[in-house]
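As written, the chains take the letters A, B, C, D and E, and residue 1 is the first residue of each chain.
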């Protein structure tokens, strides 16, 4: 649950703009890599020092500085200062519990996204904050750990596939957002299959353990919704604000990724509806089974209790009980019992209980 | 359920604007047909090559190019390029899981609709994406497979009935949207009858299988709602944006189809309310029946359990039990039992349990 | 239920603007009546031919043409054409399943209302479409059948009571809307009484048949809501659009009828809340009664089952059972039984089950 | 319930603007009182005739005409005409079922409020319509009956406490609204205590009668909400419209009373939440008690039913039943029974049913 | 519950602007402390008289006057008058039940916040009103009692850490708001842990006492929500109104604290969802346990009731019952009983009840 209540701000009492890392303690080194490209050329290198990053600002090419790991506060800060980032931006990059948001700071645009991937081991959604800063000809991206969904973009940059090398830094930012959003579909597909499978299982044989599965799916969908819902506002915001940083050629692409986000939200809501439906299915099947149990009890009891009474009657030890001495008394009583039992059964059948 | 989670975008990692078909694999050929008409003349032909389509742009007449089948990516692309469509438009045409939407691209208007028809065999709503592109004097329409709801429009074009040949490409686009929306009424009528029939059945004899029917109706209505709800925004959008492509004469017709959409949404919501009502009806009748079962059990048990106890009492084998030797002991006991039973019945009647 | 899913548009595939009547088949003749009035004079006549109606456009007086019956398509059409109505307006007049709406067509204003009256025989709300067209000095009104809520207006016109003859066609339209809205109060009063009566009945003795009454009231309120809700938008629309057709003197009256509509919607929502409350009342009283039944069963069973066991114990036929031969064994057992029974009762009382 | 469906308009068919009184028949005389004041002077008198009221319009002082009783239509009308009120205003004053609203009529502002007081006898909220009309230097107030929440204002006027004599008619109107709103807090406090007390009672011993209390509180809160909710709009409206009648000095006070209204709405919603919580508490405690009852039944029955069976077994009268003749057969059986009973108890304890 | 219905206005009938303290009676003295600082200097002192406070208005430095305790009406009033506060501002400061709000009064900005802290003893959220007034170069802050969340700010002022001494009064107000909001995270963390712990407890062994815990958490979350929700509007208001009092340098910081508020609201909603989930978990586990109880009862009863009947049958005392005299009659009956019991068990197993 800690995923839900993660605090996205400095510790109480700290000076605002103080950069503290609030995620899990991490050992791995911070890795800073840089792409520089224009239509003709592309170069890729790993920077040994964060200070080298800011040289990107002056080349005529587009630069993409990617930072894996935000737990080394000093490095983040020195990258940030190289690009004149506002202290609050640096703070938000390090405090990795932010909601998706977009903020304009003078000549740069700061965007926070949640990168979601399905974690098979933990059987839950893995969540990582991706912070993007878009400048006139450079893009900074910060991730919590190595491994991301940006490999295809790197491939396109190196092989010059598509429009990516022709269009500027804004198109690169769009591509990064698009890669993150596209991966939501992959997560949704896994959740969708889960919902479908559970639905089929439960139609055949609903059991108590299904409740846990339902709750699990509900939680993951809630988590997903929480990460994606604000993104819609972010993307609408980019289009509305008409920043100079986003060119006209990139604009339809942003509208496109906005559409995808709407579609994902739609699907998440549909899946949530379906999971609620499964809950109802479970409850109604439990109550249905309960009803059957009760019916069997009632039928058995209502048939045999009166019969037992009759048997008890003739088990009494009174001296003078004339029926006991009739020759066919026993068989007469058996007959009466049979008639009573059959009568009961017919009564039940008439009431459609059988 | 795949209907609900269909992905409406490129596979993760693909270059945006990459055109991939994501629907079921299809064998049928792509068929491209063309209408060219003005007030005097109309011609209809099947185009052998997609390249021929773009010649439509230069005639003085109105052209309607209809493409059946979007699984042959190359053909779609060559039609699209003939009309200078934006790569994202072509991508959206091929990825047939789009929500209804409207987008303006410079001199053309791109509209996505969901064409719904009732599939009797599968006993569910059949859903197909219809993509329309409106240019100054031409309309492109793309469908997933042959067979559509546009036959009456073709008839009107050929026989010059109504205003269709007098008004321009915008009126043709309106007619296509109107045909799709009108067919929603047909689907709604089928669903409405289902709901009504089920309601009548259940009033007489609610049974467990009705739950499945309710769930089925709920799902279809949810599906329908998902397809129609965004359409409202689309149609409001056309009216609001006041594109040059839509003339004043067509404007009241668009308002009219907007009204129909509102009415359909209204009816879908009403039907959803009714289906919820059926669910309540089912639950209350189940609990009512359960109550009756329990009452019978209680009445039988509470009458006979005490009587059985009395019988058991006099079945005890104590040496000294004076009642056993009374002459009319047996009959006295029978009398007591009768009195107890009748007393119980009167008690139940007073409490209105009988 | 057909009341809920009535289609308000042409049959699928028809040319838009085709005028087809979609209501029940009707035999009665279409009756066209006309009022012509100014402050000095008033005349009232029945028109023999629909063509005569349009002469109204040129007199200096205010004319009100009322058409009872819209099933004779030709007559409707010839009236409509006499006043230059847009084909879609004529279509909407004949398709009597429209939602309340307002539309401006050049020099005239088209308003659709639902006239509701309580039908005692069918025990439900009777619903009829009233279409109004307001021109510079004339008003057309179309109703589905004879009989309406406009008699008091006719009386005021003839007797020159109030302002109606002094003010123009816009005030007449207001008066017609006001008459329709005022009648909603009458219907609401009937429904309100029903809800109140049912509530009182159920407090005393809730029974299964009440469920049907609740459902019935719910349906009627839903139906009413569906008819009235859009009216609010219509009336807000008239005020907002500030059409030249509506003079300043009439404006406060429209605000007044808007207030009434808000009040009706408020009351409908309150009644819906109350009906939900009745449902809860029913359910809680059913479950309460069920609890009582169960308690009685439990008390009887838990007292007598152990006693019966004791009786059974001493009904066993073992050769060697010393208690059986004790002189006061029988009475001792009776004493034990009495003590056990009383103990049970005290236990129940302590737990507040009695 | 009549409180909820009171009709706030003329009877169906009446000329709009017809003034009819729709409340309960009242005997008391209409009392018209007048305050005239400026910073130096204040006078208070009872007017014998309604015509005298309008002389107030011409003095240089601020006049407050208060009318107790709106059932004498003629008097209301003659007051109204003296101040040139619109016929619809006079109608709304007499039809005392209006929602709170604000309307601007040329040079005057018409405000409707609901004055709520707790009626101890009827144990419900007492509701009265207060209609205010604000002119340039005069205020009219109409109430349904004598007795109101305005005494403190009269006191301040007479003793010249606070700013009331210094500021104009707009401040007087503010003071009247503020007095009404302030009294809502008193009503809320009573309801709040009720909710609190009921909650404490129910935690100790929930009983069926609590359901009625819950429903009662629910209804009163619903009633209160219905009266207060529109007031918020009214007060926002005064601030937004920036009528010339409301001076700058009074403006912060109106914002203040608006804040109070928001706070009251907030508290009403919170109380409604709490009452819903009480309902849940009741239901869960009922089902909890039911569960306990069922558990006792189950434990008793499952222990003794098998034991009774064993006893029955050895009560059979077969000639050849070897166990019956064993010397310690009886004690062996008793032992078996004891073991079975203890086993059952242990089983229950292991399952945490005891 | 008094926390929920606290009245935030003068007593009914009081002159508006009358300053009355409405909180609990307090003994402690009112303490007024003052900070004066600019980039070079800082001084801190305790003011002996409230009149001294207003001298702050004329120094060139930034002054922060903090008042602990608002129960001494006269002192509050004399501070307020020293800074020309509007009477309604002073009233709101003393009536400590205000919702968070922002109001502009000419040259000063009045802000009300709720300061929340977790009270371990009472095991609930402690709530205190903080009223801030921002002038051109001074800030007033009023608290209900000593002890607050501002210590770190005092520390930063004294030690000149961060930007606080460089930026003006607006940054100080931001810092105070930020400190309050930051403390919400601390409270949320406690509540989050509670929810988590309760969830774990209940998965293992849900018990009736958990209901109280759920209700407790629900109430605290509701309380928190009520305090924080309006804050969002307040912070959006500061940014929107673009008062001259808030400089451009402080603006991004206010956006940042707005973001935190959104995040807190988000988390509160998530926790509320989770608590609802716990309620469902409780209910489903109770009904599940109930089902198990009922099943055991049914199985025991349905197996033994028929067997007991058979035993009773052969306990009858008829003279002529041939089976009784068969040599292996007893064993045959035992066999029949065994077969019936096993048959029942198999039947239950087939129906998956075991």
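The rule is simple: a residue touches a chain if its C-beta (ideal position, glycine included) is under 8 Å from a C-beta of that chain, and two chains touch if they have at least 3 such contacts.
This one's a predicted model, so the numbers in the text were calculated from it and none came from an experiment.
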Shared interface numbers for chain A and chain B above half of all numbers used, same, or below, different?
-> different
Counting in whole Å, what is the centre-to-centre distance of chain A and chain E, each centre being its mean C-alpha position?
-> 26
Centre-to-centre distance between chain E and chain B (centres being mean Cα positions), rounded to whole Å | 42
List, in ascending order, every residue of chain D touching at least 2 other chains.
-> 294, 297, 301, 305, 308, 312, 315-317, 321
Just say which it is for the chain contacts: an open line, a closed ring, a star, complete, or other.
-> ring
Round the ring starting with chain B, chain C following: which chains, in what order?
-> B, C, D, E, A
In their complex, what parts of chain B are in touch with chain C?
-> 149, 151-152, 156, 161-164, 174-175, 178-179, 182-183, 185-186, 188-189, 192, 195-196, 199, 252-253, 255-256, 259-260, 262-263, 266-267, 270-271, 273-274, 277, 281, 284, 287-288, 291, 294-295, 297-298, 301-302, 305-306, 308-309, 312-313, 315-321, 351-353
State the interface residues of chain E toward chain D in the complex, per the touch definition above.
-> 1, 4-5, 7-18, 86, 88, 92, 97-99, 101, 103, 105, 205, 208, 211, 215, 218, 222, 226, 283, 286, 289-290, 292-294, 296-297, 300-301, 304-305, 307-308, 311-312, 314-317, 321, 323-325, 327-330, 333
